[in-house]
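First chain A sits with chain B, and in the next complex the same chain sits with chain C.
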Partner chain A sequence: MSATATPSRTGDPTGDDPPGGRAPVGVRVALRHRLAERGVDRQLLLLVPAALFVLVLFIYPFGYGVGLSFQPTEGGPFATYQEFFTDAYLRDTIWTTLSLSLPAALLNVAASVPIAYRMRGRFRGKRLLTTVLVVPITLGTVLTAQGLLNFLGPTGWFNRTLLAVGLTDDPIRLTNNYWGVFFSIVITGFPFAFLLVLSYLSGIDPTLERAAATLGANWWQRFRRITLPLLAPGLATTFCLTFVLAFSVFPSAVLVGDPAGTTRVISIAAYDAAYVQYDYPMAATIAVLMGLVELLVIAAVLGWRALLYTGSTAGGKG
Partner chain B sequence: MTSSATAPARRRRRLVARPAAWLIWGVVAFFFVNLAGVIGSVLVSSFGNRWYDSWLPQEFTTKWYGQSWQEFGLFQVLVVTLEVSLLVVGISVLVGVPAAYALARRSFPGRRLLYLLFLLPILMPPITYGIPLATVLYKYGFAGHLSGVVLANLVPSVPFVILTMTPFIEQIDPAVERAARMCGAGTRQIFVRILAPLLLPGILAASILVLVRTVGMFELTFLTAGPDSQTLVVALYYSMSAAGIRAQQSIDAMAVMYTTMMLVLLVIALRFVNPTQLVARVREDID
Partner chain C sequence: MSFAQLRLDGVTRSFAGHDALTDLNLTVRSGEFIALLGPSGCGKSTALNCLAGLLPLTRGSIWSDDTRLDTVQAERRGFGMVFQNYALFPHMSVRRNIAFGLQMRRLPRAEIRRRTEEAIRLVRLEEHANKLPGQLSGGQQQRVAIARAVVLEPALVLMDEPLSNLDAKLRLEMRTEIRRLHQSLGLTTVYVTHDQEEALSLADRLVVLREGRVQQIGTPEELHTRPANWHVADFMGYRNLLRLRADDRTGQDEVVVTGHGLRLVGTPVGPVRAGAEVIAGVRPEDLRITGPEEGVPAVVEVVEYQGREVAVEARTADGVQFNLRTQTRPTLGERIGIVVDPVRLLVFPADGTDADGDDRPAGEPAEEPTTGDSR
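Moving on to the complex of A and B:
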């Protein structure tokens, strides 16, 4: 059964060619048959536009960037890399980014687990709750930044409440520093992590836990020995996705953070190099290093995930 | 014997779970209160006049909306946002759905590699590939115009459509297509007359999600947009980072307009997609 995307006048391999016309194309037909046996035929042409898109708009620019990073305006091929690692103002951006994104991503995932565990069944208003939780994802970082500046600022409602309750005498400084950016990551990242964890948890068959309960396992044993191992691969994926979100923090680091100092994350350094100093090789270097650091973290998490059980989370019947 | 074993277990669970439940609901409530504060303060500020050191502004007005509409040329910005989003949605669906079909249905050498290739643009932070991409787009003269913004936004959108469409395609019984082939339909006819109607809910879901992502996508648009190809979120960023020139409230008004737009899109999106079912089919009916 060949899938012909075009009319059959181009030579149909299924054999309605006249026998005389066969001999000259015999080799081609055989090759096509052999390819078809391995699953290669014209239907795969459907993949070509999408693959071309990714190759031209993602792989080629990325390769171009890598090439550019080895052609600095002055010095040898590794000059920009050397400069990055010797200049503390640039080198420390890696640490700044990781110290923001790793705790925020961990907190987002860790807080999601107990909340999702409690809410995985059916209850009234669940649809409403998930709807409300999607809101911060769509707000985006720019609006969240604007809201945080108003809400957490020295005369904002948050500090006002603290002062009114008497928890503090002076307004706490929560914007234009580390915490502003941290909160912005949590506000956009937590609902995302929660929804993912909830959907992974809902995919675990509750009968497995009930079977454990009949064997006398208490709730902690059931969670630790049944649910958590089944959930762990999902948690690793969730962590990776939340980490990517947090790692690429850019607008909020500029707007609610302290972009010249404590929250000078690596994306700000890359942007500065490209659009303020017009040093494209340096910008490409920073972008490449940024991708490398991120892929290292993800590879570590996914490597750990590969050690875990990954299989069906459905019960015996399913 | 089982009942005597589970009874104490259940009682013990309740003892432990009670405070834990309160704690969890408390954390959720705290999160929502702060979220409401974040959104509410922008909303109140956009309607307020003379709000300095008090709980609420001294008077309420709607003049900031008119002012920000004129000052920032929002009509033009909205038109650009709409153009960019619709173009991105249209192209990514046209390119992504056939690819998703081939990926979901066929097995061929290099399938996993191709899958990884499509996964990468989603896994990488936009800034990482955005900066080299913008450099390339500037080199070929695309950046700074609408076409550059659309091209840049297609990079994560095409793979996103492929990933969202795959489960929808897997749900369709291949026997339906085989039957159509038996009746003499070609691949193109199968796509237009069999798959498209069956996939319509999935295509709608994917396009709405891409629409939401594109309207909210900051980094790629920011890196490639010129002065007359800014989308709403980029215009919002520029007006915020140049704070002090314009009244804070007119920026807030713009932010509220952006949020409203996103919320409308979101409500439409949620009619087609259940966010908790994006990963796995939920088995709610058992419990």
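Moving on to the complex of A and C:
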């Protein structure tokens, strides 16, 4: 034992880290020590590749886009912004997109809660069920759109069943309009919402609900008074993420929507400006406005979240 | 919803075909403090959760006087429970945590306020009433958990190792506090612990469990002086457990046990047949050190200073290790003699102990290297 301990003990001072107490370099070492205490040391260099990556692939193009939006082909720096808000065809895309993405995100979060709540514990077939619920992530929007067209289209199974049963005389129109896009967003967004809500729920100490039960709370009171308040901050975060995903909807708005009319979402307007009219400043303006609207919604949600209890979800000392 | 007596009748709970708790029969009288005692995995927490209604029974029934209780949901049983991790609602202040149960009962607002304040005073948390549980120390959290359970004046308070997360000093303080509350509020308490000292000091009656089965039910005195079998003895601080053989000359009140170069006289507990394998148990404090010419000769190997007393480990020539407690401090390597009073050396039949295979003292008795290979 002592034979192995001795070399390692003498090995330390001869290692690459010079001992702090040596008089000639005392001041320099002290400075380095002070910096290290604030987290400034050589390991920070490891951040350089990531920082460079963000700078080159995100910040520069982003700044370029913002700059471009203030350089319209004609008029002052705000001309494209003015045009966007005066042209109803452009302006209304904000409302169209919000009216799709807000309810879809809300529905996704709301639908995830009871399912995830039921799936907190361990039971047989949990993995299979989770897989089934999460599979839409892997499918991609286009496959989902095709499925929707086949299923909900005028000659799809859904309408044929309705016609056969006699519930309706004309096929219900559920594709190439608002509802097609709505369903598509819900289907692709649900797995994200579900996985997030499930992980937030699993983080809540299960003994809290059991404690509430021994105090006389029935299942609804346990959910309403204990689980939901602890889950709410997570729901806010989940809502933001699913909302952002839904807000930038493009493929399904074209494939299962009505891209010239009721589902002319803001990303379609940006695409038109850039690749149909070749008005890059206008496209950049729309992109900037898209980001602003998203930021406003997220800020509102996070502002509400800040009012909630966001601390530990454990019941005490583990 | 108070009762004169609560009866557990053959309560059994299995998990995936394995019985975690087997055939628990117990009658709790009103006002009693019962401790369920046993090592981890002995089924004591399972028993408590069954009582609370958090776990359905596999077999058996629970009766509150003449009312069947095991089919009643947890929220309707009206039992208070203190959890091991306290399970305080982290988003509610101390006051709202304590008031929660009263609110669930839809009591008038004024009464809720009065009883909550009373409970806060009872556990001396007046200055902390508006804090969140996360801002409290472990001992304070634990007091909130107790207040939250007792504010409902429950017919039965269940406590699941409530002191296990506290440091030693606080544990002693809270132990007294729990006993004080039990007495002053006239509670009926079922308390789960693995700490025999805690159980002995708190409970009116103890239930010792091992592998889901009751080993012994009795008062602290009964368990302390008369453990029913060597498992209970092991748990009650009989640190010297020796696997020996009963000699032919077995009397009614005394039995001579031999083995490993030892020859001791003890008191039989249970049916000890002549020639049978036995386990002889004695507490460290019931062994006396004398000069090497008397008793069992041994050599002092470890001396631990423990305040008023000294814990000594000594080993005989045949490698049997003894744990002793003395007032005088022997020196290391000193030759001593160990004397044991026959009344204090309890001799248990070793039967059935090997059936469980991996149980500790069966293969390797607690402090006794039978093979002597650890030298």
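Going forward, the second predicted complex is superposed on the first by the 284 of 318 C-alpha atoms of A that agree within 3 Å, B and C clash if a C-alpha of one lies under 4 Å from a C-alpha of the other, contacts with A are read in each partner's own complex, and residues count from 1 in each chain.
The definition used in the following text is that a residue touches a chain if its C-beta (ideal position, glycine included) is under 8 Å from a C-beta of that chain, and two chains touch if they have at least 3 such contacts.
As the structure is a prediction and not an experimental result, all values here were calculated from the model.
A.B. asks: Going by the contact rule set out at the top, does A:68 touch chain B (first), chain C (second), both, or neither?
C.D. replies: Only chain B; A:68 stays clear of chain C.
A.B. asks: Just to be sure I read the superposition right, which of the two partners does A:267 touch: chain B = first, chain C = second, or both, or neither?
C.D. replies: Only chain B; A:267 stays clear of chain C.
A.B. asks: Using the touch definition from the top, say if A:136 reaches chain B (first), chain C (second), both or neither.
C.D. replies: Touch partner of A:136: chain B, not chain C.
A.B. asks: According to the contact criterion defined above, which of chain B and chain C contacts more residues of chain A?
C.D. replies: After superposing on chain A, more of chain A is contacted by B.
A.B. asks: Between chain B and chain C, whom does A:205 touch in the aligned arrangement: first, second, both, or neither?
C.D. replies: In the superposition, A:205 touches chain B and chain C alike.
A.B. asks: Using the touch definition from the top, say if A:309 reaches chain B (first), chain C (second), both or neither.
C.D. replies: Only chain C is touched by A:309; chain B is not.
A.B. asks: Looking at A:213 after the superposition, I want to know if it touches chain B, chain C, both of them or none. Which is it: first, second, both, neither?
C.D. replies: A:213 contacts both chain B and chain C.
A.B. asks: Report for A:225: first if it touches chain B alone, second if chain C alone, otherwise both or neither.
C.D. replies: Second partner only.
A.B. asks: Pick one for A:156: touches chain B only (first), chain C only (second), both, or neither.
C.D. replies: A:156: touches chain B, not chain C.
A.B. asks: Indicate the residue numbers of chain A shared between its chain B interface and its chain C interface, in ascending order.
C.D. replies: Residues common to the chain A contacts of chain C and of chain B are 205, 207, 213-218, 313-314, listed in rising order.
A.B. asks: Across the complex, what residues on chain A touch chain C?
C.D. replies: These residues of chain A touch chain C: 205, 207-208, 210-218, 221, 225-226, 229-230, 309, 311-318.
A.B. asks: If you look only at chain A, which of its residues touch chain B in the complex?
C.D. replies: So the residues of chain A in touch with chain B come to 1, 3-5, 38-40, 43-44, 46-47, 49-51, 53-55, 57-62, 64-66, 68, 111, 114-115, 118, 121-122, 130-136, 138-148, 150-151, 155-158, 160, 187, 190, 195-196, 198-200, 202-203, 205-207, 213-220, 234, 240, 244, 247-248, 250-251, 254-255, 267, 270-271, 274, 280, 283-284, 286-288, 290-291, 294, 298, 313-314.
A.B. asks: Report the residues of chain B in contact with chain A in the complex, numbered from low to high.
C.D. replies: Residues in contact with chain A: 2, 5-6, 9, 12-13, 16-17, 20-21, 24, 27-28, 31-32, 34-35, 37-42, 45, 52-53, 55, 95-96, 98-99, 101-103, 106-109, 114, 117-118, 120-121, 123-129, 131-137, 151-152, 154-155, 158-159, 162, 181, 186-188, 212, 216, 218-219, 233, 236-237, 240-241, 251-252, 255, 258-259, 262-263, 265-266, 270, 274-284, 286-287.
A.B. asks: For chain C, which residues are in contact with chain A within the complex?
C.D. replies: Contacts found on chain C: 52-54, 73-81, 83, 85-91, 100-101, 104-105, 132-134, 138, 141-142, 145, 148-149, 152, 158, 165.
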